[in-house]
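Heads up: the structure comes next, in structure tokens.
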Amino acid sequence: MQLDQLYQEIILDHYRRPKGKGLREPYGAEVHHVNPTCGDEITLRVWLVGGVVKDISYDGAGCSISQAAASIMYELLAGAQLSTALQINEVFVELMGSRGKLEPDEDLLGDGVAFAGVSKYPARVKCALLPWMAFKDAAARAAASDEE
Amino acid sequence: MTLTIPAGMPQYDDAPRFDVEKVRADFPIFGRAVNGQPLVYLDSANTSQKPQQVIDALAVHYALHNANVSRSVHTLGTEATEAYEDARAKIANFVGAPSPDEIVFVKNSSEAINLVAYAFSPRSEDDRFRIGPGDEIVISEMEHHSNIVPWQMLAERTGATLRWFGVTDQGRLDLSNLDELVNERTKIVSIVHMSNILGTVNATSRITKRAHEVGALMMLDASQSVPHLPMDVVAYDVDFIAFTGHKMLGPTGIGCLWGRGELLNAMPPFLGGGSMIETVTMEKTTYAAAPARFEAGTPPIAEAIALGAAVDYLTNLGMDAVLWHEKELTAYALDALVTVPGLKIYGPQIPVGRGGTISFSLGDIHPHDVGQILDADGVQVRVGHHCAKPTCARFGVPAMTRASFYVYTTTEEIDALVRGLEKVRKVFG
Amino acid sequence: MTLTIPAGMPQYDDAPRFDVEKVRADFPIFGRAVNGQPLVYLDSANTSQKPQQVIDALAVHYALHNANVSRSVHTLGTEATEAYEDARAKIANFVGAPSPDEIVFVKNSSEAINLVAYAFSPRSEDDRFRIGPGDEIVISEMEHHSNIVPWQMLAERTGATLRWFGVTDQGRLDLSNLDELVNERTKIVSIVHMSNILGTVNATSRITKRAHEVGALMMLDASQSVPHLPMDVVAYDVDFIAFTGHKMLGPTGIGCLWGRGELLNAMPPFLGGGSMIETVTMEKTTYAAAPARFEAGTPPIAEAIALGAAVDYLTNLGMDAVLWHEKELTAYALDALVTVPGLKIYGPQIPVGRGGTISFSLGDIHPHDVGQILDADGVQVRVGHHCAKPTCARFGVPAMTRASFYVYTTTEEIDALVRGLEKVRKVFG
Amino acid sequence: MQLDQLYQEIILDHYRRPKGKGLREPYGAEVHHVNPTCGDEITLRVWLVGGVVKDISYDGAGCSISQAAASIMYELLAGAQLSTALQINEVFVELMGSRGKLEPDEDLLGDGVAFAGVSKYPARVKCALLPWMAFKDAAARAAASDEE
């Protein structure tokens, strides 16, 4: 196993200095997701205004991979159009299912390309997906109440 | 009787085939003798023999990849988890399940049926699983005990009424009262797909249609059919099927429940424990989605992987070829058995709408004695009530002798059976 | 800390021993590498590795003696039935059961506990199993989910109340409120014998005495103790124990419930189906005596036989020797782990009243990350909640890292763990 | 397998011409026993008077071994002192558990010695024991109401 494929510098940086962490107001929807096999948890809030992701705020307990995934997700999706955010979400999920066989799209994923290595470790894919799945869920709920 | 097929229908030569001698070479047990005679194994409806490929799958797993699943980040655990989930996907594919998540690993068919029966209760939040006095459960008179007792127990627990289809003299389901039997009060209909005693393969579409018409669920006990014919749960349009590893070249200790995903996720958990939870506090537990919800504790890991290998083996032969092989054997055996004086076959007498499982009596000679004499010649048949006492009662006998075939069975083995029966007649005639 | 034993007590040199290198040679998996490193398997509390003897028992059974049990007069069926029942007798003997009929084969520990939980109902004819609002069930805060969820489900079904012992800071059961907690309303007390997360071996006699004083039944979840120490159900004076094959050198797909014969025969059936009946009509079924009553359908035949081989293997080593081997390893590991800066052990810190299962945290580093770095060096530990979320919650952490030992574990492997932890600190420090 | 050890002439004779078969009156107790694995059944009546087994009558469905066992049992036990009958019963049960390793006592067992061969066939031992177990059960019940 090449550990450095998994624990790339980018990932460790985001883990040590997570972006956007902490629960903030206002928000349109809050969700709580759990990884039942390891017990990791995330609480995540999404604030949508007129189809724009105004804020994503989150807190929880998790390993370096899930923490870094949340931080990178915040960087990529906060401030984006919801449709773009969901598209990036989809591309990220696809990357995580690729078992290291997909060339990641740096334009779309930014620092997220560092996760290409994670996709080779099936046991860790769920860690990386935890915040992204929570976002998808929260965004759908927030969209339902986004009035504009 | 010989099997003639009208022109224009597929002929035998068009049928997919495999080389039975090559198949036999894969089964180490055929290298042994029984009572000094070559083994003639005619008890596959009871349990099948195992090819080396399946035995090796077990041995290799334990020797090189053994670990618990779904719980580890370590390499062995990841290997074991991937092999386990790959097996689930293979098996889903084998029965035409739309998603691997619709396959629940259990210990045998019996557990699968009990799991569904225990999902019904007066407290159910989902109307489809709410049951009480006045509600009805429908089975048939040709069921294996494993598709009778769980429903009797459910009826007793909840005050619901158990009802059943009768069986005709030809050994077929009597559907004459279908519309009355399956009615607005019916919650579930659970029917054997292929009878383990009469060999009958039941045509299910009329029953399924009627069940769904009245809003009842439809389950097939496919313990004897999944090993022997191509199964497609979507084409059959049923809600649940149960089948069991050891009858389809796989190991003991594993069976499967297939259920429509939406239904499985509407069912309450059955066994509680590790791996079926989402989160646990001392006060309250929330449950994982299916299939995990129904797989409490350490599952039959090696068994699932080996069942995957068995499914590979069958897929390689081709289930159409398996079906034709057994149809030919059945036609041959029916022809041969009627030549034995005093022999009476229970169940369909023609090789149509039936599988390669033939039960019979030989005059007044008790099946125990028949089986014992045959055993002396190496011929292994099952004798007794075959866990289907009501079917025996329907035909007025306490026990029958049964010969059953599988991919490795040859016509020579059927000849050995017939020779053995002559000997039985001599000893007890 | 080193283990010193007062003069007059048995000294280490008196202790029964075995040659761990010879033991390792029996386990084919130690021939493989993980990530280019020798395999260091420290996850035996999750599942144990298997000696060649057990793998061979499976392979030989399938290759030469495979048949269904209890149903045939033929030679293969007789061989399989005898091997299956011999295994039951061996296992009964291994735990000191007065009769083989007190061993019920199930699929794992979780099923064994559920089986007992489902025996309780408001409809029970036997007062001991009749339960409803006002009645109480007692467990503890250090249980595996498999000894929590079945009782929560029972409480929910029947309106009974679930109560539990707390856990002290040292990771021991808090018995200070024993007399209040276990009282006239208590129907059953079910307690883990050895914790799979803290390693604690619970002293059970005060609890058992109190349970019986108030007329409650007493069950031990012995999933982690039967593999690691000599068990004698009569000496422990309990009513039920549950244990599981895969943690004691045996295969997956099999576990055992031991229960006092009189109690088992007072319990209603759980799963209905073939082989658990006395006689069946469509209207009514009567049930066989235990253990058959609880073994519906085809049981885990090969698995039982292989578990018998595992028990032979352990008996050959001697369970006293197994206990001492692990005591020495535990003392060594506790000494070694406290040298790692930032490492905190959960559970007893001394090698007394505990087994060879040690859970810990390493500063703020998440167990997933600890496990991953260790895996890169071939060291396999478990990380997560260990199916004991309430215990994690009790100690204020969502997850722990756990190393656990067995007959094949060496002090060199513990050294490899400690080296690996240094590396973890470097990457995440 | 030596079939002739199992199906000795004595056994086949008793099977073809069973002694004492049929249910008769009077009787002190009637029992119904089943062999659950094969479905064989026996109904058996015992008539006890003053500690003597006045009659054993029986009917049922079973294989040659169970039928012959009932017939031989009738010959041996009907008319005997109950204590003797129970002693013979015990000796027979012991013989059936012997796996062919016991020299049977011809004085006590008479034609029953033919069953030594059956004890080598574990699957058939239950067949042979069916009537003997039924007798033991019925005798105990009849004894409870044997007023003398």
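Letters A, B, C and D mark the chains as written, and numbering starts fresh at 1 in each.
The definition used in the following text is that a contact is a pair of C-beta atoms (placed from the backbone, for glycine too) under 8 Å apart; a residue touches a chain by one contact, two chains touch by 3 or more.
Keep in mind that what you see is a predicted model, and the values were worked out from it rather than measured.
C-beta contact counts were set side by side for A-C and C-D; A-C has more.
Subunit A and subunit C have Cα centroids lying 38 Å from one another. Subunit B and subunit C have CA centres that are 32 Å apart.
Centre-to-centre spacing of subunit A and subunit B amounts to 45 Å, using the average Cα coordinate of each chain.
Contact of a single residue of subunit A with at least two other chains is seen at positions 1, 37, 39, 121, 124. Among the residues of subunit C, those touching two or more other chains are numbered 35, 71-75, 77, 277, 279, 368, 372, 375, 383-384, 389.
By the contact rule set out at the top, the touching chain pairs are A-B, A-C, B-C, B-D, C-D.
Subunit B meets subunit A in the complex at residues 70-75, 77-78, 81-82, 275, 277-279, 288, 292.
Only residues 28-29, 32, 34-35, 39, 41, 43, 46-47, 49-50, 52, 54-55, 58-59, 62-64, 66-68, 71-77, 107-111, 113-114, 117, 123, 141, 144-146, 148-150, 152-153, 157, 162, 164, 244, 246, 251-255, 269, 271-277, 279-282, 284-285, 296-303, 368, 371-372, 374-375, 380-384, 387, 389-390, 393 of subunit B touch subunit C when the two sit together in their complex. Subunit A meets subunit B in the complex at residues 1, 34, 36-37, 39, 121-124. Every residue of subunit B that touches subunit D in the complex is listed here, in rising order: 35, 366-369, 372-373, 375-376, 383-385, 389, 392, 398-399, 427-428. Those residues of subunit D whose C-beta lies close enough to touch subunit B in the complex are 1, 3, 6-7, 12, 37-41, 61-65, 67, 121, 124, 127.
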